[in-house]
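After this come two complexes, each holding subunit A, first together with subunit B and then together with subunit C.
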Partner chain A sequence: MLRLLSKRLYCKIATKSNEKATKLDFKQLTHPTKVPQTPVDAEFPDTSSSEIQIDTKTIQLLERLSLVDLDSERALATLKSSIQFANKIAHINTEHVRPLYTVLEQQQLQLRNDQVTEGDCRAEVLRNAKVTDEDYYVSPPGNIPLEQ
Partner chain B sequence: MSGSFGRNQNNISCFGATFCRFRSECYNRGKIMHYSIIRRLATQPKLANVPKRKWKSVVGLEVHAQIASASKLFSGSGTSFGAPLNSSVAYFDASIPGTLPVLNRKCVESGIKTSLALGCRVNEVSMFDRKHYFYADLPNGYQITQQRAALANDGKMTFPVITPGKKVYYKTAKLLQLQLEQDSGKSLHDDYLKRSLVDLNRAGLPLMELVFAPDLETGEEAASLVKELILILRRLQTCSCKMEEGALRVDANISIHQEGDPLGVRTEVKNIGSVRSISQAITYEINRQLETVANGGLITNETRNWDAENRRTVAMRDKEVLQDYRFMPEPNLPPLHVNLKPGSISTEDLLSVAALSEEIPELPEDTRQRLMEQHNLNAETAIILVNEPILLEHFLSISRSLSDLPNKVIYNFLINDLLTYCNKLNLDVEDCFIKADDLKDILKSLHNELINLQAARQLVELLHKNPEAKVNELIELHNLQQICSPDEIENLCQLAIANQAKAVQQYQKGKAKALFAIAGEVAKLSSQKANMKLVVQCLEKLLKTTKK
Partner chain C sequence: MRRHIQWSIKQLTASYSDGQLSPRRVTEEALQDALKWKTLNAFVRLTPEQAAQQAQESEERYKLRQPNSDLDGVTIAIKDNFCTKDVHTTCASRMLEDFLPPYDATVCSRLKQAGAVVLGKTNMDQFAMGAGTVDSLYGPTKNIWSEDLDKDHWRIAGGSSGGSASAVAAGLCYAAIGSDTGGSTRNPASYCGVVGLKPTYGLVSRHGLIPLVNSMDVPGIFARSVSDCVAVLNTVAGQDQLDSTTIRKPFTRLNLPEVRQIDLSTVRIGIPKEYHCHGLSAEVLETWCKVADLLECGGASVRQVSLPNTAASIFVYSILNQCEVASNMARYDGIEYGHRASDERSTEQLYALSRAEGFNEVVKTRILTGNFLLLKKNYDQHFEKALRVRRLIAEDFAKVFDSSVQEDRVDILLTPTTLTEAPLYKDFASLTNRDQCAVQDFCTQPANMAGIPAVCIPIRLSRAGLPLSLQLMSNSLNEQLLLTVARWIEAQVNFDSLEHTQEYKKSL
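This part shows the complex of A and B:
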């Protein structure tokens, strides 16, 4: 009974403090934001209605590159809707616009002096490998000549 | 889009119509005017007389040169060759999440110096990209390279081509691009257990990739280009160029086509491990393609491995189809800027190309010109001396300290005797331990006629076996002094004349060449030690007197 009461008391305090909280006025921010304050008409065309066709060869290629299994109906539907969504940017006019690769473009790339400061941590890096043998990482066979 | 497609179709049909019309016109005219001639031509085996168009081979090279540095391109682990397995591996090289690349200043400097030496335009801004592969020895799944904007472009290399039995000529190949990139790890393939063993010591080593235009035609030209490149990189000290350690790797793109046709489908030959095998591998591949085409086969775009043991190229399994590398900008590295202003100096983060250009030493071709101008050497001698840096060093130091010795004596001895001796032993001149001072002593003794050429050759052999010995002691020890005393020579000559009565007769009948036989006898009698100049004089004198 006492516990219940204390809980209620806590609730009372909590609700009271909530009432007291002042609302933030976003129009009075000290730093103006670049995010549009009113909704802007989307310049993206609506691509949701266009049907996406992918041939099996492309699907196989995508599976190989992404290591994602696209066998099930649902996975395929997700893929198609992703392509539909991404297709929106294909219609943006980018003529005479220099591509921005990084926001740090104007920054000097920092250079390091040619000194050995790392390494010698074989035991640590090899600990990440599932299979090792005599200080080697072991992997499935790779690129070897055809006639061997 | 649809409009242009329509136009294309029109073009095609247009072309078809004109082609048909042209054919029928010819036929009609022929039928009316020269029917008999056409009959005659048709029955002749005309095809055999049509001159066969020549097949041309086209070769382009891609060279990967490991930049000589203490630490890797983007991480602070060491670069020494033959370090214990997986010991020169930083967390970044093993692609541990959270690690970031930091570019090595020395590698950029070396890349710029090499670009300048090869006449490239260094780019003010260059960028790094990810090139994706899925290999076990590339733990990131991509290689950081420069694809969109390389460090430098548009250079060229002019180099002498030395082909046995042909005149030396100069060839020029354009250098399309020079870019910085990481090396991958090393895989050892275990056929028996069907697995690969991976060592990441090489992962992340700094490389310069030099992409040359397909301006070459033969294996010899390709080998000569690489030879010159090695000389340049060694002068710049930007690469050790030890092909046996994989510090310089050459891939060759090879195609054939008939004169006047567009270039054929190319194959890429990888794993070429020495200058000599460049020439062998390319020559083999050109001949293989010519044979394939002659037998009615088709050349496919494929990667082939050079099998040095069996001297042939072998198709590779994984790269049969053209790969999609999914290039993308490397988000962890902002663009690399360099200062192109003349007279600028390098700062902590901004390298000055002008300052680096002052660090470039004399290049091999300049040395050749200097040798020809200042030392009066002919072009071929200058090329041989420059191509063997150790011979050049010997030549310059000997000619400096023994200024009264004619240059011809020095380079003849170095090329005809020292180099030939090394070649005979299948030994690299670089590995010959004979010191410049000893060569100087030999040449001095030779010039002072203390010893003859035979003895000098013998001394080279003795010194190679025992590099610590002194030349003068060896001459004493092996009794190599030249016999110069007139009395001794006359005795030997008398003896030789007695032994070679037949040759004496021939000589006296006017066959001047017979004198060599007698002189040879003297050489044999004196165990190659007689001063041949005096011997010939003496023989001529003696034979003249007996004639009278």
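This part shows the complex of A and C:
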């Protein structure tokens, strides 16, 4: 038993040292490296000092458009800092540069024939609604402005 | 540890063919392992019944010697933002907690058609908005390479597809599907030490992938080797009638040469200097230098190139992401599907409360900011401006890949993926969501701006024993060369994605 164990141990050590022999030395380079050794700086204006003013009217508009509440001071601060973050590209010269809406702009969008290809799935679709009445979705009264 | 976990997909399916292993046994064991590794929180939902059924059918096909494909009987996991017929698809959000899709995403239907066994749905940041898988309704996903999984000393898996990366890294499945909008596949692949592929935009259908940023989203692939990754790509890629943004050019299946047949002498590698940004760790830098050197020793020409608009990319990404999120999230109102609040005073009131309850703070802030940037007075100076800078970023790539001057052209770009090894949860969680994404996605999101393919491959372990990875990028639809070079590097560095497991360590 002991002999078996020691034999096994020997095998393990042997394979381990083999592995080590082929292990790459990450400090050792053959060619002068093409990788820059110090960070390449990119200059972006500091926009955090410019105060972002959002008036109550705009906040109410955003809440109406988004249908989520901007209730806390923290949420407002995050919104402001996100806008400052977005302002960082304002200085980049984009004259005569067209917006890139899709990377597939060279490809014509394919339209399919206006034919029904699937259906008969009313039950499967309606099962995801929390409230239904017969085959209808149910919603509370409309045309009432959001309470703000 | 189960020995077959170390096998490639090819070896696994060969063992099915000769009867050595059976899809049913492998599936049962995988489901057991998934439960055993519950602490990782890789899965938000296992689908044992469906998996057993698929494994049974696969087994019958092998008995008849008629497997459907190279993936028949192979266990896979799918991120929880891909619709799966009759299996809950939640985006790890309260909003979609009860959502039961009536159809399969194209990626899922193609995998099922190929005979793959779907084990379940994996964890993610809510609606894929994050870089850590820390903002999930189901709690964070842990990195299996962590020094300690129990106390607060564990590492994040990365995100947003952290569950898929974690599942593959732990050997719970052979491959997994994620999504990649700004790095959500490559970032967790980097931290978890597995291969993560972001294919060319439009190569793989987005039908049934719940959208984040439509113009950048792509399904991503996780595997433990480049060739396994190719097997999955060959199954899911190609035009789809149900997604008009898929590329119409017919997809040719990739067929990678054997490692010893790979000739690098015609391959030109570019090192984009701007990818050495602030915060890049010394170990990642050292790894980057070494692999560039290996490629040069292997006969490739390696030179420095410049992509001058790189640093603008995180700002552009942030703007476009928030704008598209504001628009995409408008569909969640609690009426047809999704969380419905109990406020019945008015339609608007119901919408507002359902959304307030169904979305987390990250989602809400992105919607509000997006709508601010899209206001009539801001639209041109923010949204359109970002789209113009996006073109500059895409043109940077075009200049190095398609330059009219032959000598200026490169085929492949070699860069870091993430700036560091996987951070500790407690350190990562102390940052804001925007900083989490902006810092760690620096090297990954430019590829999404341009729609080009990119792959993250693990290279070695850091001093702390965590995976360090690098990224390769190439021109659109150049996956064949991209993955050939990845495979060559993989063979040189000999990284073992499963070296972490406790059992494995004991068996040494």
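Criterion: the second predicted complex is superposed on the first by the 99 of 148 C-alpha atoms of A that agree within 3 Å, B and C clash if a C-alpha of one lies under 4 Å from a C-alpha of the other, contacts with A are read in each partner's own complex, and residues count from 1 in each chain.
Here is the rule we use: contacts are C-beta pairs under 8 Å (C-beta built on N, C-alpha and C of every residue); 3 or more make two chains touch, one makes a residue touch a chain.
In this text the structure is predicted, and so the values were computed from the model without any measurement.
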After superposition on the shared chain, which partner residues are touched by A:37: those of subunit B (first), subunit C (second), both, or neither?
second
Taking the superposition as given, does A:119 touch the first partner, subunit B, the second, subunit C, both, or neither?
first
Determine, under the contact definition given at the top, whether A:102 touches first (subunit B), second (subunit C), both, or neither.
both
Which holds for A:110: it touches subunit B only (first), subunit C only (second), both, or neither?
both
Touch test for A:79: subunit B only (first), subunit C only (second), both, or neither?
second
Please work out whether A:89 is in contact with subunit B alone, subunit C alone, both, or neither, and reply first, second, both or neither.
second
If touched residues of subunit A are counted for subunit B and for subunit C, the larger one:
C
Is A:135 touching anything from subunit B or subunit C once the two structures are fitted on A? First, second, both or neither.
first
Subunit B and subunit C footprints on subunit A meet at residues 61, 65, 101-102, 104, 107, 109-112, 121, 125, 128, 137-142, 144-147
Within their complex, state which residues of subunit A touch subunit B.
61, 65, 101-102, 104-105, 107-122, 125-126, 128, 133-148
Flag every residue of subunit A that touches subunit C in the complex, lowest number first.
12, 16, 22, 24, 26-27, 29-31, 33-40, 42, 44, 54, 58, 61-63, 65-70, 75, 78-79, 81-83, 85-86, 88-90, 92, 94, 97-104, 107, 109-112, 121, 124-125, 127-131, 137-142, 144-147
In the complex, the residues of subunit C that touch subunit A are 98-100, 102, 201-202, 215, 241, 244-245, 247-248, 271, 273-274, 276-278, 280, 285-290, 292-294, 296-297, 302-304, 309-312, 315-316, 318-319, 322, 326, 333-338, 340, 343-352, 355-356, 359, 361, 364-365, 367-369, 371-373, 375, 381-382, 384-392, 394, 432, 434, 438, 450-451, 460, 476, 492-494, 508
Considering the complex alone, what residue numbers of subunit B touch subunit A?
69-71, 75-78, 84-92, 94, 96, 102-108, 127, 135-137, 187-191, 194-200, 305, 307, 314-319, 324, 326, 329, 331, 333-337, 348-351
